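These are the structures, in structure tokens.
The following pair of complexes shares a single chain, chain A, combined with chain B in the former and chain C in the latter.
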Partner chain A sequence: MTNTSTVARGGGASPAPGRRRQSPPRPAKASGLPAWVVPYVLLVPGLLVIAALLLYPLFQMIVMSFQKVGLRQIRGVPAEWVGWDNYTQVFGNEIFWSSLRNTVGFAVVTVSLTLVLGTAVGTLLNRLSTRMSTFVVVGIMSAWAVPPVAQGVIWRWLFDADAGMINWGLNLLPDWFSRLLFGRADWTGEPWLNDALSTYLVLVITVVWASFPFIAVSVLAGLKGIPSELYEAARVDGSSAWRTFRKITFPLLKPVFAVLTILSIIWNFKVFSQLYVLMNGPTNREAFNLSMFSFAEAFRSPPKMGTGAAIAVVLTLLLLVVTSLYVRQIVKTEEM
Partner chain B sequence: MTALKTPAPLDGRTAQARRLKRRRRLGRAGLNTVGVLVFLFAVFPVYWMVSTALKTNDQIFTTDFIPIPTEITFDHVDRILTEGVAGNSIWVYMRNSTIVALGTVLIGAVLALLAATAISRFRFRGRTSFLVLLLIVQMIPAEALLIPLFLNVKRLGLYDQLLGLIVINVGLTLPFGIWMLRTFVAAVPKSLEEAAWIDGASRFTTFWKVLFPLVAPGLVATSIFSFITAWNELIFALILMSDSSGYTMPVALQFFFGQRGTDWGAIMAGSTMMTIPVVVFFLLVQRRMVSGLVAGAVKG
Partner chain C sequence: MKIMKIAVTTATTAALALGLAACGSSEPAETATPKADSSAAGPKFAGETLTMWRLGDSNPAAQKYTDALVAAFEQQTGAKVKVEWIPWPQVNDKFTAAAAGGAGPDVTEIGNDQVPLWQSQDALHPITPIVGAGDQAQIPKNLFGLETIDNEVYAVPWGAGSRAVLYRKDWFADLGIEIPKTWDEVVAAAKKIQAEKGKDVDGFAFNGGSDANHLLAALAWSEGGEYAVKEGDKWVGKLTDPAFKNGFTTYTGLVTEGLSGKSRLTQNTVDIRRRFANDKVGMYLTAGWDLPGIEEDSKGKLKGDKLGFFALPAKAGGATPSFFGGNDIAVWNDAKNKELATEFVKLATSKEWATRYATEGGLLPVYPDALAKLSEDPAQAPFAEAFAKAKALPADPNWTEAGETKAVLQNAARSVIEGKASIDEALAKANGELESILNQQ
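Take a look at the complex of A and B:
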């Protein structure tokens, strides 16, 4: 799915459809179809859509990654088979390696920060009074709800060189302190979005800001499910807060953390909209990640769709590894 | 006499209790303070977007910090509605976004409901494979499908048409929609349908009169998720729409970043317009999300 889907999978109250009746009563006026056909009939439309819009294109993408697809091919000339050329070209390009570094580095930093911050806030919410907790939840929900493009716009504005809030705030720090911390005191006109590293700094803040609420709310839901007697027992035994977290909360919430970690990795691997806005389209090649690199190769003139497809294949393979972990976790924890 | 001779140990205990109580109160105050800080961190950027949209240009382009606009102006809102951006009023883009999102929801809801019913009401060969397929397919990055889907849409003559975007968004949102809806269908007790069958209702009547009303809230929640995904979608809208009258909001917002500096008041007004419906929807399904999201994983 798109990275815009900050929505989570619905775990939902898990049903227990396992209890199969011997023979469920049949509708008296059967619709003419034999019973075993019904589920397939219901499934066919959805399956067709998935096949036509997701599986077949996936196959096409793999084929295209071995072809030369340029302007002439887009106009209808049959594509030319080039074997592994696209891949050797991609792997020989240093932009690919910097994109790969950016993708993985960004995912590692953002996932860890989001999880730590989200867990901390989730734990906090669990200890606040109901009224206070609702107040904070509504607040963080509004950050979560902001569309990715608008997230990019907002933080681009906050980090604006001339009239941005951040530079104003940094100038407010005492000079000696600012110098000690960053080696400089004057931040007026600091352009944050010109080079790759500081662009990614802004991107990390943007994405962490928008995605920690989901983690917090999920952790809160998990915490609500832990019986309070466990905590009382721990308190009676004089357990410290950190120890309680490590010995009770964490082991019990481990499945939740596993799912959250994997989902965050998947979402952050393919971040696109926010980066697109922050760097104003595919402009700064050093700040590309794999999605942006594939997009730029395929859709900036001259279009090199074969190369773009090869990059997309690499990205998909990377994600597939993470996805297989996710599927295993879900199959393990949930009755399907 | 007895009143004078309060036993010493008890005295000590009350003092300790008082100290504990004070510490707890301090602790509560500390927690609440952190809570307020978290709230501010989350809300400030959103507030900043809205307040910038309502500030005069003098108050926007300044190196001073103006927390609350002292003069509120609707100039920016007015400008994006009349002048607009990229040659059209912002209404055109809002309308396009709404058409795409609603179209996606309407088609997606029907397909998802049918498939979810199949999964959670029937056991059949291939059911588990289908569920695993759903999970895997959700993870395919949209960027990976971009190139082939672009070519297919072009070939089918849907390029530059909102219908093309709707079709693509249905594909992107359907796997998750089925996955989410299946839990809602499964939550409806099967005995209700069986009762209807015994009373002589046909399969269709049972579905329409018994199952559907009970699943409706879940269908609404699922639809809201699909709506938001389609509403926010940038990358396909970027490449499938070349004529500016077909742009959706996420694409249109890019055009505020001009060569000659950015009109921040206008772009913030546009972003606010785009954000409001999503925030409202989020708050509507908030409770369901909190309770339902990881419930399945917790009991493990």
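Take a look at the complex of A and C:
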């Protein structure tokens, strides 16, 4: 690692900027810090902030997951150590397993849909004129900018059983068409947000709607960086659009996709606000995901923070495992 | 409203109550002066501030009463009082946050069935001395059942209540419906309302939210069912008994037979009240404290003789038993100045202020002579009828978790309504969960 800034300070006879590269690196005596320390010193403030805001709470969460923590404990009674009790209790609860299923299923569906839709939109945006593409980007990015609670409110209203646009729109379809498509013609008062399955259908739409613009714009940015000669060559060779995408676009955008996939997995595993709004609070336990389950255990009265923390630890571990497996996969293929 | 308050007012008497409130405003001036002398608190607390939580909506009647009470207290003690309103469905979450170290009250209104829970969390301060002397000694001792724990009193009853069915008197008159005397007549009336007023109207609204058990309990009790019974020191669930099952069937039948919309399985009384004010509900179980909110939400259209109450009839006729409920007032354990907070409770539960609290807020007074005077009013018959048979939900600190947080029976009802489980399966599962929640340490 070449060190530039400290050398300039310490060296009495600093070489001219143009020749700096050639001169041998000097030890930074006058600054009082050995050269290898400098990067660590510069990292310290950031690390301190992360430690205080992230690592300490994480550590505390793990500790709490082995304790019985209710209101009395928060108010000063020392917390009792209960070993693995919280975990056995969580694993013995069928709501945990349905929440786990909901969490993973939702993440798989939503991550794939978001990536496919985002990539498609990004690729198509690339073919638009600059003005038009800016216009569309601004349009879709405003969906991305909607805060999670507002997303939930918007879609909850659209899917409202009595006054919602969705039921109204489905009723406008010609009866034979609606019957052909869905096997029914009358959608009046259809309760979308009762059943876990249809609640998740609405949740998937909500989250995909709000998160594909980010993918589309990132893909668009990646596409701008691919030299157009490659595409010209492909066109000359008579390659089809799909083949061009598979052989040129996709391999070159692989790093972009890798990052986008990891981000999407992380975001979709911990969806909370939208679900909370759509379900009208944590009442329908069949539709819980792990975040909602953890919240309901930890903060609804009477609070059981120990159990809530245990669920959160499981969710965190799950996320770490999934992410690290994926990262390893990418690193491996890069090497090959 | 998790609590059952007794509503003493019907639609017709609501106006009367407001009138009384108006007349009453001249009284505090005379009575406040002798009180100030007797309490000897005087300006001792000058410059201090007391935070008081009132539960529910700050509707005009409640606001007016609170303002008058606060003014009297400020004059008596020289302290300032800050009043905050907490909507009923948020009460447990707010108490949790307050007990966990957030900004809490010094004095709070509290549902009588919530007292065991919050006492068990060390959140309430004992105020035994004030109930042994003065006005408070006249409050019947049997009203302190939920408030007395290990010989200490943690809250003072402020008003008592039961529920009755609030209905659209104008619709009943339009459609020529008589006041139902049996449950079947309720069903017939609800169907007729839906036929005439639109399919999206709830003839009789299903309550599946935080206070769902007030409706379910009334229906189950009327069949002779119970939630759980304490045998020795263990709770034994009774949800699978045929009697409870009959009541539960009636309850889920509200939705499965189409009297109430399938899309609103999680609505609580506050949600129903809002729909009622918008002409979307024909009947629902509640009490007089909902009336000011309905008038406000309907922009003044729904009031007076357009509304009425009748006692919820049982299958076999006669009134169903009602939840024995009430609102208490208590000193929060984190109060900055417990002496000042106790003074406030003492004034608020004095005969004059407690009686005004009940009569102006749609509840029954806790002082026997005031109650006797009020129950002569024929307009309160529905509440008196239900109150005569009032019963309590399991008196256990863990009940709130089963009844509201885990919503055990609400979820059982949902699985039955959606056809995912038979009534027997759902109740068997709920019974196991109820027992494990009530019996946990």
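We adopt the following convention: the second predicted complex is superposed on the first by the 275 of 336 C-alpha atoms of A that agree within 3 Å, B and C clash if a C-alpha of one lies under 4 Å from a C-alpha of the other, contacts with A are read in each partner's own complex, and residues count from 1 in each chain.
Just so we're on the same page, a contact is a pair of C-beta atoms (placed from the backbone, for glycine too) under 8 Å apart; a residue touches a chain by one contact, two chains touch by 3 or more.
It should be emphasised that the depicted structure is a prediction, and the values quoted were computed from it without experimental measurement.
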item: Contacts of A:162 with chain B and chain C, given as first, second, both or neither; value: both
item: First (chain B), second (chain C), both or neither touched by A:301; value: second
item: First (chain B), second (chain C), both or neither touched by A:116; value: neither
item: First, second, both or neither for A:188, with chain B first and chain C second; value: both
item: First (chain B), second (chain C), both or neither touched by A:280; value: both
item: Partner chain in contact with A:72 - chain B first, chain C second, else both or neither; value: second
item: Partner chain(s) touched by A:154 [first = chain B, second = chain C, both, neither]; value: first
item: Of chain C and chain B, partner touching more chain A residues; value: B
item: First, second, both or neither for A:137, with chain B first and chain C second; value: first
item: Contacts on chain A seen with chain B and repeated with chain C across the two complexes; value: 74, 160, 162, 188, 280-281, 299
item: Complex interface listing, chain C residues touching chain A; value: 92-93, 95-96, 99-101, 117, 121-123, 199-200, 208-209, 261-266, 397-398, 400-401, 404-407, 410-411, 414-415, 418
item: Interface residues, chain B side, partner chain A - complex; value: 31-32, 34-36, 38-43, 45-46, 48-49, 52, 60-65, 110-112, 114-115, 117-124, 127-128, 130-152, 154, 167-168, 170-176, 178-184, 186-187, 190, 194, 197-198, 200-204, 206, 221-222, 225, 228-229, 231-235, 239, 249-250, 253-254, 257, 264, 267-268, 271, 274-275, 278-279, 281-283, 286, 289-300
item: Of all residues in chain A, those that touch chain C in their complex; value: 70-72, 74-75, 160-162, 188-195, 279-281, 283-286, 296, 299-303
